[in-house]
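Next, two complexes with chain A in common: one pairs it with chain B, the other with chain C.
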Partner chain A sequence: MALKRSFASYLRLVAVFARFSLTREMAFRGNFVMKVLLELVWLGILLVFYRTLFRGVDSIAGWDSASFLFFLGCYYTLEGVVETLFLENFVEFSDLVRTGNLDLHLLKPIDEQFLLSIRLIDWSTVPKLFIGSGMMGVAVFQMGHPVSGWTLALFAALFVAGVSMAYSFLLILSSTAIWMVRNQSLMELWWLFSTLMRYPRDIYDVAWAWPVRMVFTFVLPALLVVSVPAEIVGKAILDPWWICWMLVSAIISLSGSRRIFIGSIASYRSASS
Partner chain B sequence: MSSNIGSLAMDSSLSVRLVKSLTKYFNIFKVSLVERLAYRADFLLGTFLRLLPLVTTLLLWKAVYANKDEISGYTYRQVVAYLLLVHVSRMFSSMPGLASGIARDVRDGNLKRYLVQPLDLISYLLAYRMAHKVAYIITSIPLYSVIFFLCRDFFDAPPDPCWFCLYATALLMSFILGFAFEASLGMLGFWFLEISSFLYLVNTVNFFVSGHFLPLDLLDPWVAGILKVLPMQFMAYFPAALIMGKAGDWNDVVWGLGIEAAWCLGFLAMARGAYALGLRRYGGYGG
Partner chain C sequence: MIDPPIISAKELSRHYRVAEKSPGLMGSLRALWGGRNRVIVAVDNVSFSIQPGEIVGFLGPNGAGKTTTLKMLSGLIYPSSGTAEVLGYVPWERADPFRRQFALVMGQKNQLWWDLPASDSFELHREIYSLPKDRFRRVMGELVELFGVAKLLRQPVRELSLGERMKMELIACLLHEPRVLMLDEPTIGLDVVAQQTIQRCLREYNQSKKATILLTSHYMRDVEALCQRVLVITNGKLVHDGPLAGIVQRFGAYKQVRLQFAGEAIPPGLRLPDSATVMGSVVDLSVSRDMVSETISGILEQFPVTDLTVSDPPLEEVVARYFQESASGAGA
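For the complex of A and B:
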């Protein structure tokens, strides 16, 4: 019962954070419009790139035009979720450490990880969720074969697992801000992580890229984040081994990143003292 | 006789002033170079990370060319060579933080320090950026040498030495163009309070239209035609295409360099004009 009440109060807090963030965004409407425009430009670039890739060929690494569009839609949506809910918070985290303002957040009667992960919601990236979902819908229509409810449920579960893995990676990166106050290059690691997610993992089936594929599949599983959920619908591949490994990776990532976060908070010494 | 002595004295005072001015900006260059090299480890890590996405891009293109020898006049080898060469172009033309720095100085009132000292903002920033570029190129040479050596099979035989001179000219002008383009954008700070989102938008568009993402020739012909009229192509595509022999014959290349020079002068004039106009409305609050 207490757990249920606690869960409800956390949900209420998310709603309050969302309302507060929207109010903040609306104070600078011009900036908000510009940010939305930027996301649309990125989408345009992504689609022109996609179209250019398929100008001369029918398929790329076993992905035909429609299934590749599904992959891109899945990537775009997942990136949208991470950017809407978490990215801004983690970018600001190192500033909180550097300025000592983290003290104020640690004193609040609430789970620190929850507060620091989700207190700022970026509304300008919300359109990405709809556009990405739309791209997936168009792709399914182009593929011409129906997708069962069971497949969709599995896709949704793996998509959540992918978001969890990306979130965990961001949390680990941000936690290091406590030990290394200047973590500008570490944020570039996030960019690297998202670059690895951007293309299907099948392109790594090249002899010299084998070590890259192994590292980013089993050590830091960035290659699975979008590929495994997208393969379920885009290529109708239901490989139990990969599905299990993806779910296990998500659980390990979440628990491991939580431990690292708690460890880093324990060694926080406040910049103001 | 006395007028000759007078003009000689004027000449010598002019040359002394010129030497003093050049020494001043050379000292700015030296200090900036030392400052930049102090963070060389962070610098190398950053460069290394920027190259990792290149690996994924190369793998993607390998997959694209799996069943095809040539697309829009480019073989797989040529696309890889282009993507490597375009890194060299961007090494010269990219100016991270220049426009936002100018706009921030205007907003915060810190621009005053250029006005109260015998310093010209644009010349100062040019000297500062030259130092950054020299430091960046020096620290990147070992890494790029290894990469270009490992990828040597993707390149055709070295062209005539004259083409290297044209290539070097195109790269140096891409530095000036990149600087003048960013400086012009930064001057918008005189008219608008916050331009960071706009700058991010322009940089994103520039990333694509300059040909950093892929050779412009691979796009639909009408899109490529439009993009090749814009000045951004000189910041990435043109130098790479030139050294690969994809920018046409000798006449086409010289004509292209002429257009690039014109864009450089145009944007430098725009930056200077916008700065002069901006100073008229500058209040110098804060700071």
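For the complex of A and C:
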């Protein structure tokens, strides 16, 4: 494992991967346009759902129209970051294992986790970042109260923690491909994880949903990923306990997933040539 | 003073545990609980060392353990037991300085970006290996000229022929000027012209950079053209380590004898084994090494021979026969 090269050198590599991925997408422009359109349709459905809900009620589980729009924008941006930077790489990981093409990646003098996590950048999901950020901006405007620089900084830190937790979950799922070889359940499990992220954790604040809330808060903390950063701005909740737990969860997720990844690479058998 | 070996393997072994399953649906269901496992010995106590600058061929039938050995020496997989050093490093620790001085080329695997021109992949390689721009340009220029691919650099890799793509793969692996190069079937599926180009380029790279090359190939032409020394592995065990010519001495139990008789046909009364081939007055025989002089003197005494040659069988034939015998021995 090689993490000794400079941070600038890793940033340069991300820029090269981004440039090559865009060049590759441009070679198949029709496909690229279709993917972008599909993303916009999904966004449209999400917004219709949101408008329909708040036509009948003033708030849901303590979230009013503007704060819920902020939540949706936060979710959309966070999912956009994960999908743009990582998802395609992890989807392809089990193919690399199955075909043995992982061999050539492991021999490069670079941190394997970095290379395998970020070498393919999906430009078709970049619009999500802008649309999600735009939704958060509109929501803050609708809420009508100013957001301090301190709150924004805390939000940014928790947003990065949320991305780290989602990334770690994907890394753990992908690492299992080394042992399972075929790991087509990855997309289904990611769908489950992102579904848990998509709604505020307060909706599980009823007795019958208590086990779900406990498991997905303390064991696999998917419910925190969007809710905690969105609560900081959307509901002006600054609960130190939850902020600390979110940051600790992110650190545990990152270090734990790295250990699992390294363990899986050590078990790699390399497919027949 | 003798240089220390650049590659050394000591009692290297690799075992695999594989699940066994009876055929059919019931077999699959039974395998779900209490399936049986079998241990396969892919590489069994293999030891050898290679000096800097050598080109060594690694020969063996399919499944003999060649690629598994290469994968251990390149650091892709861990051995079950034994030790190895390449360039002074334990390969499976995959230290950065080791990976910067080493390259593995696999004829059936592709590291170039499929939809982009090869020159883009080379640029990415420069970033990954942190090569200074001037050194990168100089080495790339040399390699592009050596392989004769200047006109193909801007063409997407998917539009290149197999031979052209393999040349680009090799260039990508040589851009950081590795001191140790391991090649697993680098000419597989290529025509004779492309094979010869790759052989020539590898020889020139070895001579100009004093690089060490370990090569596996099923094409004996590759091995004959490049390697002074060969390692032969069958059923996971190293059975020969020495000069190429030694293979024929060691495994060639027969000599080829060609006899030309006076006249238009072979003389009446000449008794030939079933394996002999006859064309007019010329006869080709395979004769056991220890029977060559006795057989020839017997024929010369009785029949009018105008020409006689005794030679070793072609290397390819010797190796193929040996592999066939060892495979049937393993299966028995």
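Everything below uses one rule, namely that the second predicted complex is superposed on the first by the 266 of 273 C-alpha atoms of A that agree within 3 Å, B and C clash if a C-alpha of one lies under 4 Å from a C-alpha of the other, contacts with A are read in each partner's own complex, and residues count from 1 in each chain.
The working rule: a residue touches a chain if its C-beta (ideal position, glycine included) is under 8 Å from a C-beta of that chain, and two chains touch if they have at least 3 such contacts.
Computed from a predicted structure; not experimentally measured.
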Next on the checklist: What does the overlay on chain A give for chain B and chain C, a clash or a fit?
Outcome noted: fit
Next on the checklist: Let me test your reading of the model: by the given contact rule, A:Ala236 touches which partner, first (chain B), second (chain C), both or neither?
Outcome noted: neither
Next on the checklist: For A:Cys244, using the defined touch cut-off, is the partner it touches chain B, chain C, both, or neither? Pick first, second, both or neither.
Outcome noted: neither
Checklist outcome for this item: For apex chain A with the CA centres of chain B and chain C, the angle to the nearest 10 degrees sits at 90
Checklist entry - Should A:Arg55 be classified as contacting the first partner (chain B), the second (chain C), both, or neither? => result first
Next on the checklist: Quick check on the superposed pair: does A:Val41 touch chain B, chain C, both, or neither? Answer first, second, both or neither.
Outcome noted: first
Next on the checklist: Looking at A:Thr23, would you say it contacts chain B, chain C, both, or neither? Reply first, second, both or neither.
Outcome noted: second
Checklist entry - With both complexes placed on chain A, how many Å separate the closest C-alpha atoms of chain B and chain C? => result 7
Checklist entry - Which parts of chain A are touched by chain B and by chain C alike? => result 28
Checklist outcome for this item: Touching chain A in the complex, chain B uses residues 42, 45-46, 49-50, 52-53, 55-56, 59-60, 62-64, 66-68, 71-72, 194, 197-198, 200-201, 204-205, 207-208, 213-214, 218-220, 223
Item to check | chain A to chain B touching residues, read off their complex | outcome: 28, 31, 34-35, 37-38, 41-42, 45, 48-49, 51-53, 55-57, 60-61, 182, 184-185, 188-189, 191-192, 195-196, 198-199, 202-204, 206, 209, 212
Next on the checklist: List the residues on chain A that touch chain C in their complex, please.
Outcome noted: 1-2, 4-5, 9, 12-13, 16-17, 20, 23-24, 27-28, 99-101, 103-104, 106-110, 115, 266, 268-270, 272-273
Next on the checklist: Quick check: in the complex, which residue numbers of chain C touch chain A?
Outcome noted: 16, 67, 71, 74-78, 94, 96-97, 99-100, 102-104, 106-111, 113, 115-116, 120, 123-124, 127-130, 156, 184-185
